[in-house]
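Take a look at this one; I'll ask things after.
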Amino acid sequence: MTAGIYGLLGAALTGLGLYGVLVRTEPLLRILAFNLLGGGVFLVLGAIAQRGAGAGFAADPVPQAIILTGIVVAFAATTIAVALVLRLAARKDGA
Amino acid sequence: MSSLLGVAAFAVLLTLVLGLLRVLRGPAAADRIAAAQLLGTAGIAALLLWGAAADSATHADLALTLAVLAPFATIAMVRKDPGA
Amino acid sequence: MSLLADAFTVICVVAGVGFFAAGTAGLLRFPDTGSRLHALTKADHLGLGLIVLGLLPRAEALGGAFRLLAIWALVLLASAATGPLLARVAQRRDPSA
Amino acid sequence: MIVDLALVAGILALALGVLAARQAFAAVAFFIAYGLLLALAWARLGLLDVALTEAAIGAGLSGVLLLAAARRLASAPAPEDPPSGRVTRGLIGAGCTILACALGTAVLLLPEPPPGLAAEVAANQAATALGNPVASVLMAFRGLDTLLESAVLVLAVICTVALAPDDGWAGPPGAPQPLADGPLALLARLLPPLGIVVAAHIFWIGVDAPGGKFQAAAILAAMWLLPWMAGLVPAPPVGARALRVTVAAGPALFIAVGLLGAIVTGAFLAWPPGFEKPLILLVEVALTLSIAAALALLVMGPRT
């Protein structure tokens, strides 16, 4: 049941994040919304991992490993996005 | 005993969620970040209590990670721009 | 002996939770940033300290107790360093306080 | 159960706060608190490896990156797209609601028992000589994912450095930091030694319990960033050979060991039998240092 609650939270965050990415106009807020979207997807995956607990594990380790990889890759993508936004801002100033 | 620790963890978590109101209301940026730092400490306390209730050492490691990284958001906020 | 240790744990944890509640109340109710910071740094870290103290008798080994104390020390160090910084920012933004 | 509902309510409130925030600063503050609560939620779900990563990256490094960006954008805002009209927003809202409802239904309608790979992992875990199943998956069963992920980090560093303007190229990464005084300088001297010990602890327990290289690397990166943020030490120039070698060494060693596996056992990234544990630990140490250097460079960002 715990997994169900967090899975629903993940679904809600996915919808909210996607809405923010599409509707907000400030680049930094779009990046934040994109991270909310990512967090939602990870939570859905995590809920599935927890439901798949078995063989003596608290949760299915394969989705867990995928979430770990996903968090790090999402962070790398965020840093590139932030660097791009800062560069855009600096360019507009210079032009 | 462990159920009592669980209740204590819940109480700390409740203060954490109430503290969110200050993060959401502000008004100054310093208020928000200070409240976020309090949330960090409350989260550490809740994790320690959960860990003691469940006899899990990993919860304490998680609390340790949070404790090491706790000051970073605050420092990032108070750093002035070198030019300004 | 174990009953005594349990009583110690209960008293300390309950007191610690009380400090957390007081800190949060101060954070929500105090009128300006400065006093809110005061509520936060005092009550909050005393609260964590009491909880750490209460959990010490339950630590499984010396390592566990050391880890608990290290967590508290780290939080104290962090708050000692960031408290003045935050207060300076609050004063710069709000000279009336 | 009530605990979980309170956490979920808090996370949702913060997510709405991020979306509705007027200033970037407030949105980032909400996002930092959101990352903290998300780490607690992972702990409640019992996915402690993920909780540790989220605590280190979501609540720690992201805060530094985003607050610095918000501060720099406050003085020189980036160009914005024109806001979409009311009808468009309504349609987007409806679409996102449908997506969320569909996902929620999918979560609730998962088959019982849900399909999973836990049994396969349990059956083969002994072969990796690691006690932490997640570490087994990361280093052995899905080793290619981990290798590609470290390659993604190297690529991200290259992208970030390439974004520096011509006059900032090959200088130190990140905007120069003002010199700190008093409490911050003290913290920047006291915390890194403690943090490195904690990182080593988290790395070492990761062999048999939740923890491991990403988490340790994130803490190490933070410990490098702290003296830089306090203005005590300048960042080394991006062109410094030691820095480039550190960033590339982990993935390179991983590929080399993978090729060794290809020669000895006939499969790329297969660990030679009998040497699994020492080789995995060797690669993990190298990866930790590489990931830490890459994360720190990514948080500093290009010199602008």
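The first chain written gets the first letter, and so on, giving A, B, C and D; residue counts start at 1 in each chain.
Heads up, the rule we're going with is that a residue touches a chain if its C-beta (ideal position, glycine included) is under 8 Å from a C-beta of that chain, and two chains touch if they have at least 3 such contacts.
Predicted model, so just to flag it, every value in this text is computed and none were measured.
For the pair subunit A and subunit D, there is no chain touching both partners. Distances between chain centres, each the mean of the C-alpha atoms, put C farthest from subunit D. Compared on C-beta pairs in contact, C-D and B-D come out with B-D as the pair having more. Rounded to whole angstrom, the centroid-to-centroid distance between subunit B and subunit D, based on C-alpha atoms, equals 19 Å. The distance from the centre of subunit A to the centre of subunit C, with each centre set as the mean of the Cα atoms, comes to 31 Å. Centres computed as Cα averages put subunit C at a distance of 28 Å from subunit D. Counting only residues that touch two or more partner chains, subunit C has 70, 74, 78, 81-82, 85. Residue positions of subunit B touching 2 or more other chains: 16, 29, 33, 35, 57, 61, 64, 68, 71, 75, 77-78. Within subunit D, residues 48, 61, 72, 184, 187, 191, 194, 198 each touch two or more of the remaining chains.
On the side of subunit D, the complex with subunit C involves touching residues 182-184, 186-187, 190-191, 194, 198.
The touching residues of subunit C, when paired with subunit D in their complex, are 70, 74, 77-78, 80-85.
Residue ranges of subunit C in contact with subunit B, taken from their complex: 6, 9-10, 13-14, 16-17, 20-21, 23-24, 27-28, 33, 36-37, 40, 44-45, 47-48, 51-52, 55, 58, 60, 64, 67-68, 70-71, 74-75, 78-79, 81-82, 85-86, 88-90, 93-94.
Listed in rising order, the residues of subunit D touching subunit B in the complex are 2-3, 6-7, 9-10, 13-14, 17, 25-26, 29-30, 32-33, 36-37, 39-40, 43, 48, 51-52, 55-56, 59-61, 63-64, 67-68, 71-72, 75, 175-178, 184, 187, 191, 194-195, 198, 201-202, 205, 209-211, 215, 219, 222, 225-226, 229-230. On subunit B, the positions that touch subunit D within their shared complex are 9-10, 13-14, 16-17, 20, 23-24, 26, 29, 32-33, 35-36, 39-40, 43, 46-47, 50, 56-59, 61-62, 64-66, 68-69, 71-73, 75-82, 84.
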